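The structure that follows is given in the form of structure tokens.
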Amino acid sequence: MFRKTLEIGTSPHIISGNSTDTIMRNVVYALLPVAAYAVYVFGLAALLLLITALGACLLTEYMLNRWAGNPSPLNDWSVTITGLLYGLTLPPHLPLWMVFLGGVFGVAFGKFIFGGLGYNVFNPALVGRAFIQAAFPVAITTWMTPFTADRFAHIPSSTLTLPFLEPVYDITSGATPLALMKFEHHTTDVYQLVMGMTSGSTGETSALLIVLGGLYLIARRMMDWRIPVALLGAVYILSTFFHFIDPTRYPDGLFMLFSGGLMLGAIFMATDMVASPITHAGAALYGVLIGIMVYVIRVWGGLPEGVMYAILFGNAVSPHIDNFIRPRVYGTGKKRSLS
Amino acid sequence: MGLFNTLPTFQRGIHPGDFKDLTRHLPIERMPFSAELTIPLSQHLGAPSKPRVKVGDTVQRGQLIAEPGGFVSIGQHAPVTGTVTAIEPRPHPTGRMVESIIIATDPFSPQTFYNEHPMDWEALSPRELISLIQHGGFVGLGGAAFPTHVKLSVPEGKHARFLIVNGVECEPYLTSDHRVMLEEYDDLFYGIRILQKILDVRQVYIGVENNKEDAIEVLRNHVPDDMACEVIALETKYPQGAEKMLIEAVLHREVPSGKLPIDVEVVVNNSGTITGIGHMFRFGQPLIERVVTVTGPGIKRPANVRVPIGTPLTELLNFCGGITDDTRQILFGGPMMGAPQARLDVPILKGTSGILCLTENEINVREEYPCIRCLRCVDVCPVGLNPSRLGALAKSRDYEHMLDFHVMDCVECGSCSYICPSNIPLVQRFRVAKGLLREQQARNKAS
Amino acid sequence: MLILTALGALGGLTVVLALLLIIAYKKLQVKEDPRIDIVEEMLPHANCGACGYPGCRPFAEALVREEALPGKCTVSSDEGRQQIAAFLGVDVGASEKQVARLACGGGINVARNRARYQGLQSCEAASLVSGGGKECFWGCLGLGDCVDACDFDAIKLNAFHLPVINEDKCTACGDCVVACPKDLLSLHPVSHRLWINCKNLEAGDEILEECKVACTACGRCAMDAPDQMIVMKENLPVIDYRNYQDTTKPMERCPTGAIVYLHPQKGKITGPKARPVIRTSARTDAPT
């Protein structure tokens, strides 16, 4: 009757269409417009930066996992996301050797030593960036002017600096809107921020494309919308409140929302599923905490940009949030009594 | 009750496709009696039945062939007129070898059922009714096969105010309860009357998912005027048919953790079981056959079949045209909680609600990834557990900690494994953990 | 100046804390029988639980309290046990090395699969799914729960996915016995060398379709065994180890090799009539 044997599997015998690698791949698709626009704005420097970042992360993940005995480490696309995001947070003309080192560090110490995918406490892209911030503080705060005429023909000298040598910058350096705000109290038009016409890290300039990418993921149910909403909401509410108190000292809500890496961080970094809490209520709390930290660091901290540290802080707190905020089990708690 | 949807339901849950179009319009057909029937003495939860016949005896259809082996046990009856050829261990759908009574059908008998003892149920006391149900061999026909009379024996100090008839049939592909409600509602309401007498309930609810609109309408039209019975349409969601979820949806009460429905004054019974009880009190016939949905892409002619208990699976499959060449998995039950079969020479049991034949296309064995804490499982668990955490604890064999996270409340519905994008076999891990924890608790009690 | 103050303060603090620790160590020391430490040194430090105590230190305490005899420690060598007995001035006590034994010979070269199991690769998990998919319901599933359970590296799966127990490393702690869902492992003294390597409760030659080395309940071993050492119960021979005689006679007419002799040097020997294994790979096509 049969050619082949029957199979016996464990129930359930039908499964939904979701798959981890599909989800990760879709996040990569959502990031591609942002990456493409970044190359458009900053030219060859950005292209080389993204390729190096991606390459460093992929290579590290592959080598470390093969050494650990994992046969197919790149199957889930999670490290692709890490590579892209890590590249998008760096200044466009950062020396490539620094980019490479940061990528290796981020994947090795932000992901591999914790146990790989699913076990990392922190977002590996941010760990990499934190390393660069700590090791090369000057280089990471030197920004490139956008839309320079020769950006597709000329690679900045800083990008191709030889390993372990200090970079020498061309005159194409400019300040970010946040730095302008913090150190020179100079505001930038919100329209410019949204459309990506300002200087900044590679991926943070076009808030519009980032939001579109986020909406795509939310529509496909691959992202918890509560985290970005809570995060951005907290930042907006806090900044509007303080702006109302003293408009000259505190920038308004919209400026805060669209400047710097907040959009990219809120939509793509804070929503890293492994590093965020596992209940919806916990995720909302996590978003609010990060939002508060962002505002505090930006306004009262020593740096003009606080998203990275705020998110790392949120990642550290997320396991504790999970311990305290648990779903209510059927048959326990207040609904026990007869109605 | 949701704001935007008007149908009552429970929290969370999943929506797998319902796949019932293969058989929902097919009326129940009767299959011919097989040459040999195998009646396992243990096809229910509780103590095995004790045989009352010996090898060589002739038996009549409907005759008692095994007695209850204890309080939590039931009687078994001959589904055919024939001869007992053996009493020995035979393959069982759970994979074990179970002591069974094998009957060879008399090929010349008309197989009519004679009701020698018509029952006047109105003259009987609830206790006598319960005893008749136990000896009639009734178990929950929804799949769990729990002896019905035990559920109906309300302990001292407790009282049942509500009876919920479970006509939900939330498993995809299965339509046996649906067809029974459509075609045998007379027996169903007769059975409800019996249960009303036993339990003295104030209100009866019949819960039916709204993908069975014709059944809802038929039932609503035929509720007897003097019966306090309401048919409630529920949102189609899995696992709506689980007892706890049904009580939550219909009555907005929760059964406290570790307790039974009777503790919230509710008794829940499958609609097929009650229909069978009604049939017995009308015509005297004990539980010797049941409706089974044979379906799936792997069966050549899907059907809803009235099958005598103990019919070999191969005979039933042949009656439905046989299985296709690319059939890979045959399940007893539905796709979410059904038991796969390694061999086809097993009998149809009282708790078999469906036979599902799946082909290579449906069996997708995907790669297992680590848990990415995407929170989908927490979103769907109807009991409100944290399957991701439980899975991690089970993997590191931290079974005591799992108790803190309420693993014993898990109903093993499979929603978490279904939705997990990393394809982690969560329910399987929980089953293993629960088994080991139960063994440990038994050992602790013994020492 | 500031540095000196800092150094002095920290140094002084260190000295004070160290003094506190010394005082605490002397005053709060728990007075114990000094023999316990010495006996514990003599034990193998395996903490396996084979003696029935939850570790070597509790066992040492029991030895000193004279609640247990050194013979209970099956992991120690004979000299080790003698040494402890001599030190404490007690009897060694009866002991014989026990090992875990597997009652199944059904590797994938001889035993067929009825259905292919997909799911968690654990015997416990597989046996919950319709028994595991092997043709012989009682047979070893070969997924290695016993290997995982063994803390002493004494069990390994061979090329045919059958567990092989290294009698030298086995301490008879019992973890593998608990782990096996088919109850195929049990603890036996090493001297019981005649062994029934099957748990199949069916009878007849059709079983050989399921597994080539299964016991078909022909009963020849029971007939040939001296003094009724072997009795047939439920289609399986049972050796009465209370009147055990070390002989290979019952094996001589066994047609399949279900009854074996575990020779200390030569390993598992089957009788001369046992059919040789003729398949080297498992066939997984099911019969109709």
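Chains here go by letter, A, B and C, matching the order in which they are written, and residues are numbered from 1 within each.
Heads up, the rule we're going with is that contacts are C-beta pairs under 8 Å (C-beta built on N, C-alpha and C of every residue); 3 or more make two chains touch, one makes a residue touch a chain.
Predicted model, so just to flag it, every value in this text is computed and none were measured.
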Comparing A-B against A-C, which pair counts more contacting C-beta pairs?
A-B
Taking CA centroids for every chain, report which one is farthest away from chain B.
A
Chain-centre distance (mean CA atoms) for chain B and chain C, in whole Å, is 41
Interchain centroid distance [CA atoms averaged], chain A/chain C, Å
52
Distance between chain A and chain B based on Cα centroids, please, to the nearest Å.
49
Two or more other chains are touched by the chain A residues 1-4, 6-10
Provide the list of chain C residues touching at least two other chains, using ranges where the numbers run on.
114-115, 118-120, 125, 129-130, 133
For chain B, which residues are shared contacts with two or more other chains?
339-342, 363, 365, 425, 428
Chain C touches which residues of chain A in the complex?
1-10
Please name which positions on chain C make contact with chain A in the complex.
113-120, 125, 129-130, 133, 284-286, 288
Which of the residues in chain A end up touching chain B in this complex?
1-4, 6-16, 18-23, 75-76, 78, 116-119, 224, 273-274, 276, 278-280, 283, 322, 326-332, 335-336, 338-339
Per the touch rule, the chain B residues reaching chain C in their complex are 89, 93-97, 339-343, 363, 365, 425, 428-429, 431-432, 435-436
Name, in rising order, each residue of chain C that touches chain B in their complex.
114-115, 118-120, 122, 124-125, 127-133, 137, 201
